[in-house]
Structure formats: structure tokens, C-alpha cells
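Below are two complexes that have chain A in common, paired first with chain B and then with chain C.
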Partner chain A sequence: MNEIQSRGRQSHGFWAEAWARFRRKPLAMAALVFVAMLAAVAVLAPAIAGTKPVLCRYKGRLYAPCLGYFDRRLEPTVFAKDRFRGTYPKNLAEKDPDSWAIWPLVFQDPYRAVRENEWPGRPANPAKDEGRPSRINLFGTDQYGVDVFAKMVHGTTIALLVGVVSMGLAGTIGIIVGALGGYFGGWVDMLTSRITEIVMCVPTLVLILAVIAIVEKPTIWKTMAIIGATGWTGIARLTRGEFLRLRQSEFVTAARAAGAGPVRIMLRHILPNALAPVLVPITFGIASAILTESALSFLGFGPPPPAASWGSLLNDARSNLSMWWLVVFPGVAIFLTVLAYNLIGEGLQEVTDPRLREARK
Partner chain B sequence: MTQPLVDVVGLETHFPVRKGLLRREVGAVRAVDGVSFSVERGRTLGLVGESGCGKTTVGRSILRLVEPTGGSVRFDGRDVLATGGADLRGLRRRMQIVFQDPYGSLNPRMKVRSILEEGLIIHRLGGADDRLERMTRALARTGLTAAALDRYPHEFSGGQRQRIAIARAIVIEPDFLVLDEPISALDVSIQAQVVNLLVELREQLGLTYLFISHDLSVVEYVSDDVAVMYLGRIVERAPAARLYAEPLHPYTLALFSAVPSVEPGRRRRRIVLTGDVPSPARPPSGCRFHPRCPLAEQVCRQVEPPATVIDGHAVHCHVAARELQQAGGDAAVAAARMAALMAPTAASASPAAV
Partner chain C sequence: MATYLLRRLLLGLLTLVAITFIVYGLARNMPGTPLTVQMGESDPSRKLNPEDQERMKRIYGLDRPWHEGYLRWLGNVVRGDLGRSFSRKQPVTTLIGERIGPTFLLSGTALLLTWLLGVPLGLYASARSGLADERATSLLLYILYSFPTFVAALFLQIIFAVWLRGTSWELPLFGMSDLPADAGWAARSVDIARHAILPVTCQTYVSLAYDSRFIKANMEEAVRQDYIRTARAKGAGPGRVLFHHAFRNTLIPLVTLLGLSLPGLIGGSVIIEQIFTWPGMGRLFFESIRERDYPTIMGLTLMFSVLTLIGQLLADLLYCLVDPRVSVE
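Presenting the complex of A and B:
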């Protein structure tokens, strides 16, 4: 019995071990790194592409006008008062010769075309169908001359938020509904199962289109809410199955013998064991939510302008198919992101499902 | 005779069989169908029988882990089946269970600390410091140290896990333990260790056991009294030594004859039963054992045999009752007669049959 004490190594829980196995999967890891990179791009978007300085010194004070990309109100009012009109490089130099600024990596704006000489010595963005990719416009420009790269960088937030927020909502609803049905069984299960089936019959895309037609101000948040409110059925079914299975397990019986009540049993005993298999469809759900949003935007029901999601860029391409760069770059971005989430989901499944795992000690 | 700690009378646990769209109840599996016994404080009742006979359900019904459908269970004078809520929780502190499979009975996501602590938290036993002491003590009693607290169940071997399961059961200081095949899933080399541990704990902590097993020799070693179950009923019950020396029920005889003997010279004659165990959903009329009993008579098919009790040795069998009567109540003589009656079937049985 003493071998236990002599073994000094750190004791690893289920998730630590799953992570160790996940790290050994090159594809899944690459996908995870890709998503992490996208998250970084989303957060740092104003510093990657924009026309507002990341940081500047103006009339003796430091400002970060780039925050205006997150929210208009975060842009220092000084610049509006001094009539910059959103054009920083020239104004900064003219109105305060001592000023300096750190600019975004790419001087392009996601909401408007860059004009001639706005950046010293640089021509205006080409408009119409002439804005093919170049050194200045990496991914080309759309028919109004707005830089596609800048649009895509600033659209990353939407792409990621759509997935995470809608599946966060769907996961919460699905786990609660599934847990109640699976644990209590009987009429509770009957009720939750029927509700699940009814919701399952609702075609998400059509519902969203209908809602957008009705509500006054369609925002991306409302779209996410609908995707979440209709996308929980698969998760609920899986959670129900896991709860049904685990409810019969001996450690749950042991917990009942110890006097544990239903809440404690569900939260402490069943849920931690049911979480891994449920996380997998949530990950896949993120991928499909991104696709749904792209499809909506493509149909022209995306976020209201000027905000642009990747899908709405594809929509722009419809009017002029010769502008191939409007299709290829956003298309590839959507494809890669969806692929990444699917790879992560698959990896997660492989490292958490003991049946898919090879040798386990 | 003092008041028994556990007193079970006519316990019935039927599982409904539902069919069709409306899930109408079309019948019931009578897993436990009228079981009575009592266990006195500090003693061990062994419960034996083949798989599916309902012995596990008996254990779980007593703890209300499955809801019994009839009968009564009294624990220390209190009606277990009538309590609920806080009262039931209080009773559960005093009655614990150790399961067969130490791989299934420990939550794989919890450290041993959380597993042991849970009962203490639920029953509000001790403060944080005190809890650690209690857990360490329980682990020490089962042959583990406090180092085990910060490990997960999968880091232990089967025997060690079963020790953890036993520690979980005793950490809240119960009076009564249901041991549901506690060694059947373990390696043979470990079984003896765990059995000895259980016997030690019984002496040290003054525990009362219901020891459920299909391993006849272990039951003989551990138990004071032994009850033999067949198809949801107890067919024979006696003090361990008496039962093993003078088995009276044909089923008990068949069961004992199946135990391999270690003495090479003394070859036991095997009594081979024909047919399968009937479904507990449709138990046979009369004596439940009659379709497989080589001694079955007309009366066995029609009348359920009542208990015949001789000096604490109870048997439910028409034939055995008659033999006992003819032997003038001498169980030893009757047991010899029963064995002789069973013998011809043993001789003609083919060795391949089970």
C-alpha cells in the first residue's frame, strides 16, 4: 500500500491529462493557435488596420484615438473640437508640429476609402472594380474603395463573437434543459424532450429572417440571440443522454447513499463527467453559428453598416463577380475559421472520449 | 435477545415493466418478493445466491437507494421506509454501502479528499481541521495514508480503490454497512486483504454488516448468519456453521456442491440443476424453485412452502420440512437424508453442464 506515498509526481486531473493529450495533436493544436490568433486580431484590430493613431502626443498630452474603433465615444473629443474630421496624419502635423504618433500596422480604414495624400505620398484607394490586391491594399478594395483587409480585420470580432456568444447561450440552455430531463426523468423528461423536438423543427435561418423583418433595429446581438435560442437542441439531447447514463452510475448511487441531494448530485457528480462530451458539439456549434451568420450577411441581413462581417463582404462581391478578391479572402477566412473550430472539436472529442483514446493506463 | 439493529419484514421491491406509447404498466419484475430477516448489532448476515436473485436489490432497498414497494425496514427501531428529508439523511449517516465495482463507485473527476469530505459536509460533521483529521483516520483504518487525499481514483489499483470506498463509508461513522459484493471485482490476491480489513473494522468499530456475495467460502468466513436467496426470496437461513454443516434446502445443496473442493481426495459430488432461472417477472407458482428442483412434488407446484424453523435454522421447503419431522427435529439427520435424496441426480449429471 505504500507505493502511493513514495510516488512524488504531481497528481493530474482529467482536464490536465486531456490537455496533455491535446497538445500532442498537431492539427488540433494548429487550429487552436489559429483561433487564438484570430482572438488576438479581434482585440488588436484598431492597431492592425486603421487610420487613427494607436498612441499620439498632441499639444502636450497623450491620446489613444484608435479606441474610437471600439466605440465612438472612446475617441478623445479634442480631435473633433480641433476639426480633424477623422483625418489624422495631416492634421496632427499641421496643428501641432511637435506632435508624434504610433500608427497602426496598415494605414487603411474599414469604414471609408483612404483619400489621396491622406498618408503623405500615397494615392487614393482605387474604387469600382479596379482595386485588385496590391502592396497598399493587401486584399484589394471594394467598389467604394474601402480596403478589404481592414474590413476583414475589423470583422474578426463579429466572426468570433457570433460563435462564442450564441453557443454560450445555446450551451447554457441546452445543458439546463438536458440535465433536468435526464436527471428527473418521468414527466419532466417528457416535457423537456417535446420542447426540444419542437425547437428542433424550427428552421433557424427562416426564423432569423422573419425576426429581422419584424424588429426595428436588427443588430448582430439579436442575431446571436436567435442562433443561440434555436441551436441548443443537440446539446440538450446529448446532455440528457449523459445524465441518464450517469444517473445510473454507482458513484451517483454512492453520493445518494451519503445523503447528497439532487442539486449536489447534478452539479458535483454528474455535470463534471458530462461536460466533456457536451463541449464537443458546442465547439462544432460555434463553427455552424459562424456559417449561419455568414450566410445571413451574404443574404444581406448581416450587421447594419458600417460594421462589416466577413459574410457581408461576400455579399458585396455578388454585384461584381470580376472582383474575385472580394470572394476569395473573406471566403478563405470563413472556411479556415470553421475548419479550425471543427478540428478543435474533433481533437477535444478524441482526447476526452475514452473509446476514441488508444491505450489508457 | 436484544432488539435487532436492522429488521426487515416482508420486503418487496418490484420494478414496473412499462410498454407501449402510454407507458402503461404491464407487469412487474419481482426482484425482491417478501424477504424477511434481522441483523443484531455487531453481527454479520451473509446473503448468498446466484446473480439476478435479488440480493443486491435487498441491500439497496434497505438504504432506500431503490424504493421498496412493500414490507417494512426498521433500523434501530425507526421505520426507514416512512422517513423522508432530513430524517432520511440522518439515517443515511448511520447506514452506508460499499459497492462491488471500485472503478464505478468513485467519481473519476473528484480527488479522494472531495470524495471523503462529501459525507462529512452533508452531515455537518466537524470543522475544516477536524474533517482532515477524520479523513486521515478513516484512511489509516483502511491502510492508506493522508497522501492519498490529493490523488484521483484512477491513480490507485483496484484494491486501493476499494479501500477508499470503504474509507468513504466509515468516515461518517455509521453503525451498519451494506457490503455489496465488496471483493468480487478484485484480484484474488487482493480479496483476502480486503476481507480481513472488513473483519478488522467490524471488531474495531463495532459495525454491523449485511455481506452480500456469491462467494460461499468468503461468506462462511465473514458471517455469523447466512441467508440463501433464490428468485427474490430467502429459501434458507441459519447460523453460518449450521448452514454449511447441515444444509437442508435442495437449492442450498446444489449451490454448495458447485463450490470447488481443495481437498483432492474428497471429491464432492456435483448436483447439477437443469433449466434456467425463471424470469422474476413471471415467477413460478408454489415453491419458486420447483421447476429446477429434482425433488419437486405435486405440493411444491401449488403451495408456497412456509418457513420450518429448528433452533434458528429456517428452511422453506416441503420436502425438507417432512424430513425434519421424520427425523424428530434433528437437523443433522434431516440434512443427511436430503443430501442422499439429491445424490442420484448428481450421479447422472453430465460433467459439462453447469
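Presenting the complex of A and C:
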């Protein structure tokens, strides 16, 4: 009784209360921290592993050549003009003795093997099955001598983007389709439900493989769009159910009496109340989107080189099974990321679903 | 009941037509045709000259626009003819017949193992809910559930085919059998079983983790009901309450789960069959997409969609059968 009264006085919002409960779940919080860490790795990738200086002073001016890893055009043109050809350490010292540079934590490139003496006194990257993990190549090298650690650090962006972008798309489609069907009912519902059912019945992998084969140049963005465009059915069904339930409620009648139009009622009145249960399958969907993308790359349908996703490293491993490090490191990375999103989804479900909350007591 | 069935069947037919239409359109619009992909890639000198290509196109009916091709395919299907595979020169039904056995061997074994292990695990977890050993088991199952199959498959291949090579624990990497077809049946079955261990393991563990968690979640829902309290109050032992009162009431969602696993049972898993080069349906499907073998793609899609729809219908019907409160009307 006391508890109810004190809660009534403070009156936290739904999300604030859910967050407070979420914070008390060690596993879910650990997962959230892990994902935040991955995001940091993705943003800072060129500063963690690369062969271009994070910051350097050259002929009296400051440059940040590492930005070239995000986009070729961001790399200062002066280095191309001075014929650096991508090898910075020697050229900087030779062409401007007064220059200095801040190097990435690990001097390795995700797109090519580091050559001998590229970094003064360091041997060339080993290739083939010689490239087991060492002090210089933390996670070993692939069959061409490219550093696996650098590839994985730079592939983090893809892993994170795939989940967020494809589920953002799937969530948008799913919520719109489900909301229309659930709110209007009748023939609209009949139509949207049929479409959902059809998309649900088409084997996902067929759809994805066929669409990937059709698009002229497969890029990672198109893969994301395809995963999103096929993965919305569960979200649509759930949204429809929530809208069906909520459109009968009194606050919707009140809003309608106050003169709100259907779009306003759907967006401002029903959707905020239906968002929590819909967010759960979206989080689980992120996990499965990451799985799908790595499975596609693993089967050889991933983004074309040089873009390296974690799954394409596994694909390299298939023909070189003795190179166990090509399986262990990317495999564990995919697993941990999927696990993290599943744990977050589970935590979200437990803190926002009142029925599950009752069960805990 | 009859009208319900009729309505479901009609809607199902409509869905089937829509699905096959979409897939046919997608398949025909993939770049390349069976003729160019098949011969040009393997050997440039065997590339057909333009006249021959035109002639072949006419024979295969590829000179028409794809929607006409679809109508022709649909017409043949209605007459019970799935067509002939372009790349394998065999009727699609024969191909499916050849591949269905190996796939069923994998997925049937995996399904059986899943249920034999999953039900006791789920019951155990709900009986000891909250205790240290249950939390450890559940955590392990949860980790397994998030573990990608293809990563697990590669791990297993490295361990059993590379690291343990030469020991008695070594297991074969690829294929279904190394022995010639005229070897004795005992030797052959042992050989096939040895080949099947790794793929079956991969296929079992994910669904095992999922099913036992599902059972546990349903059991937790059931033990909170009033009739459980009544059963305890009248003096039923914990085992009897668990099996007789709680578990029997969770059978309904399990039946649905069983119905939904039907398509996978015969459709197989593309990824697992591809990794272990198991000569099953999933691999056939993957190959037929690569070879642009339209009749095979369509035959498999049709079969898979029919199974999905039957599985859903079966799940709904079984639901009515085991739960008298639910009626099909």
C-alpha cells in the first residue's frame, strides 16, 4: 500500500520507470555497454587500426589522413600529389624531416598486407597458413596477409549498421502496415493481413538471394534494404494486435470526440502506447538481421571486396580450415553481438511487460 | 468445419499463386539465363553462338516475356507437371525425390533429438526454477541459442576434421558417404551416420535451446494458475503436479510449434547443407539459384510454400482438437 502511495506521488513516466528497472538487470546492462563499446569501435576504427596517421604535421600544416578510411575523398590531396602512395611512415620522414604524426594504436591495414619495413624494422605480414596470431598481428592474417584484427575493427561499422538500418526500415514498414490494418479494420485489414501472410510464406532466403542477384551492383546498403524489406512481418502482426486492442479504449474515443483525425490518433495517441511491445521484436530483429547478413556473406553473397564484413572472413575460412583464427575471432564477434542484442531485447521485454513483472514477484 | 476448411483452402490457393508469381518474376529477372550462366562460366570456348542460343531459348520457352512463362508454368503445375530441370536434364519431381531422403534423414533425426532432449530439459528447468543449477543450464541454453549455426559448424569442422585428424575421433568433413554404392548396407549406414553426426548436431542445438526455453516459459505461465494451487492443496506430489497438471496444459502451444516445424523438416536448411555439402533439398535450392534453373527454383518454392501453409493449417486444426474452448468458427 505504502509503495503505491509513494509511487503515486513521484509519478515517473513509463519510460523513466522502465529505464530504472532496466538498469537493475546486470546482464542486460552489460549487453548495452557492449553495444555502446562496439559503436565506439566503429566510430574510432581508423584510430584503432590503420596505416594512415590519425593526425600529422606535414610541411607546416596539420592533416588527418585517417579520415580517408571513412571516405576516399576525405584524405588530404597533398599526400597523393607528393606521391605517398598510401605508405606514410617512410614518406613523411623523407619528404619533411620536421614532420610528426600520431599513429593508430595498431599499425595494420584492413585492405592490404603491410609490407616489409613499411613500419621501420618490422617484417612483412605473413600470408597463407603462416599467419597465426602474434604480437604484430593480434588476430592473425588471412591468406593474402591482410591483418584480421584491422579487418574486424573496420568491419564493426557494417555489423552495427546492418542491424540498425535494416530494422529501422522493417520497423517503419511493419508499424505502418500493422497500424493501418489494426486501426481501420474491414477491407484494409483484410488486404494488409493477406500481404503480410504472403511475405511471411515466401522463404526468406529465396527472396533475399533472388533480390541480391537482381540488383546490378550488390552493396552493403542494398543488402540492408533487402533484409529490412523482408523482415517486417512479425512487427506488423504485433502492431496490428496492439492497435486492434487500443482503438477500443476510452482515450481514443475521447481523442476522436475532441476532433482528432485518424492520422493524429494513430501517431500521437495509439502509437506511444503500443511502442513498448513493438520495440521488443525490433531488438530481436536486429540480432537476426546481423545473423542474416553474416550468413549471406558467409555463403559468398556479401558486399563485394574490399568492404570486409565479419561474415566474409568466415567465408575465407571455409577453404582454409587449418587457419582456425579466421573462424574463432569473427565467429566470437558475431556471437557476442547477437547475444548482446538478444539480452537487450529480453531485458526490454521484462521491464515493459507488466505480466512478466508480476511473474517475478 | 467444412466451410472453414474450404475457406482456408481457397485462401491458401490464392496465397500460393501470389507467392509463386513473385518468385517466378524475381527468378526470371535475375541477370543471366540458364544457358549463359551454365556454359559461359565453366568454359568460355563452350559459349553458345547467338543462333544456337536463340534456338535453345525457344525450346526452353525463354523467348517469351516472363509473365507468359509464368502462366505456362502454372498451367503445367495444375496438370501435375513441374517441368524439367535445365541444368540437370531431369524432371524436377525426380530431383526432389532424390534429395528428400537425405534432408529428411538430417532434419528428422534433429527434430527427434530436439524433442527427446528439449522436453525433459524444459521440465527440469521449470521444476528447479531459480536454483543455481537451473540458472546455469538456462544461461548455457541461452548462449547456445545466440550462437550462429554456421560458426558452430565451422568450429566443429575444425575440431573434428582438422585437429583430430588421424585419431579415432576424426569425423568426415563433407558429403553423405564416401563408400561406393555397392558396399554392404551395414558399412554404408555406419558411414552415413558418421557423416551425419556434425550436421545433425548443428541442426539440433539451436532448436533445442529455443524449444526448452519455450517449454519453460509456458510452464511458468501454467504453474501460476489456480488449478495448480488446487492440485497442491489436495495433496498431489510435486512430480504429479508438474507432469499431470501443469505440463499437460502446456501441450497446446507445443502442438503449434510442431506444426510450424513441418516446412523445415522437408525443406531442409540451406546453410547447414551447404557447409557440409549434404545432398539435400536446401543445397539443391542453393545450386538451382546459382544455375538459374527456373523450373527447379519454382518446384522447390512451391513445395516449401505448400508445406508452410499445411503446417499452419495443421497447427490451427490441432489447436481446436486439443483445446475444446477454441472453435474453428
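By our rule, the second predicted complex is superposed on the first by the 346 of 361 C-alpha atoms of A that agree within 3 Å, B and C clash if a C-alpha of one lies under 4 Å from a C-alpha of the other, contacts with A are read in each partner's own complex, and residues count from 1 in each chain.
As a working rule, a contact is a pair of C-beta atoms (placed from the backbone, for glycine too) under 8 Å apart; a residue touches a chain by one contact, two chains touch by 3 or more.
Please read all numbers here as calculations on a predicted model, not as lab measurements.
Colleague: Residues of chain A touched: more by chain B or chain C?
Modeller: C
Colleague: Please work out whether A:Gly259 is in contact with chain B alone, chain C alone, both, or neither, and reply first, second, both or neither.
Modeller: A:Gly259 contacts chain B only, not chain C.
Colleague: Touch check for A:Ala39: first (chain B), second (chain C), both, or neither?
Modeller: neither
Colleague: First (chain B), second (chain C), both or neither: which does A:His269 touch?
Modeller: In the superposition, A:His269 touches chain B alone.
Colleague: For A:Ser322, is the partner it touches chain B (first), chain C (second), both, or none of the two (neither)?
Modeller: Second partner only.
Colleague: For A:Val206, is the partner it touches chain B (first), chain C (second), both, or none of the two (neither)?
Modeller: In the superposed model, A:Val206 contacts chain C only, not chain B.
Colleague: Per the contact definition in the header, classify A:Arg194: touching chain B only (first), chain C only (second), both, or neither.
Modeller: second
Colleague: Touching chain A in the complex: which residues of chain B?
Modeller: Where chain B meets chain A, its residues are 60, 63, 65, 88-89, 92-93, 95-97, 99, 101, 104-111, 118-119, 122-123, 143-145, 147-148, 150-152, 155-156, 160, 163, 165, 168, 172.
Colleague: Can you tell me which positions in chain C touch chain A when the two form their complex?
Modeller: It is residues 11, 14-15, 18-19, 22-23, 26-27, 29-31, 142-143, 145-148, 150-151, 154-155, 157-158, 161-162, 173, 220, 224, 267, 270-271, 274-275, 285-286, 289, 297, 301, 304-305, 308-309 of chain C that touch chain A.
Colleague: Give the list of chain A residues in touch with chain B in this complex.
Modeller: 1-2, 4-5, 11-14, 249-251, 253-260, 264, 268-269, 272-273
Colleague: Give the list of chain A residues in touch with chain C in this complex.
Modeller: Counting only chain A, the residues touching chain C are 194, 197-198, 201-203, 205-207, 209-211, 213-214, 216, 287, 291, 294-295, 298-299, 314, 317-318, 321-322, 324, 327-328, 331, 334-335, 338-339, 342, 359.
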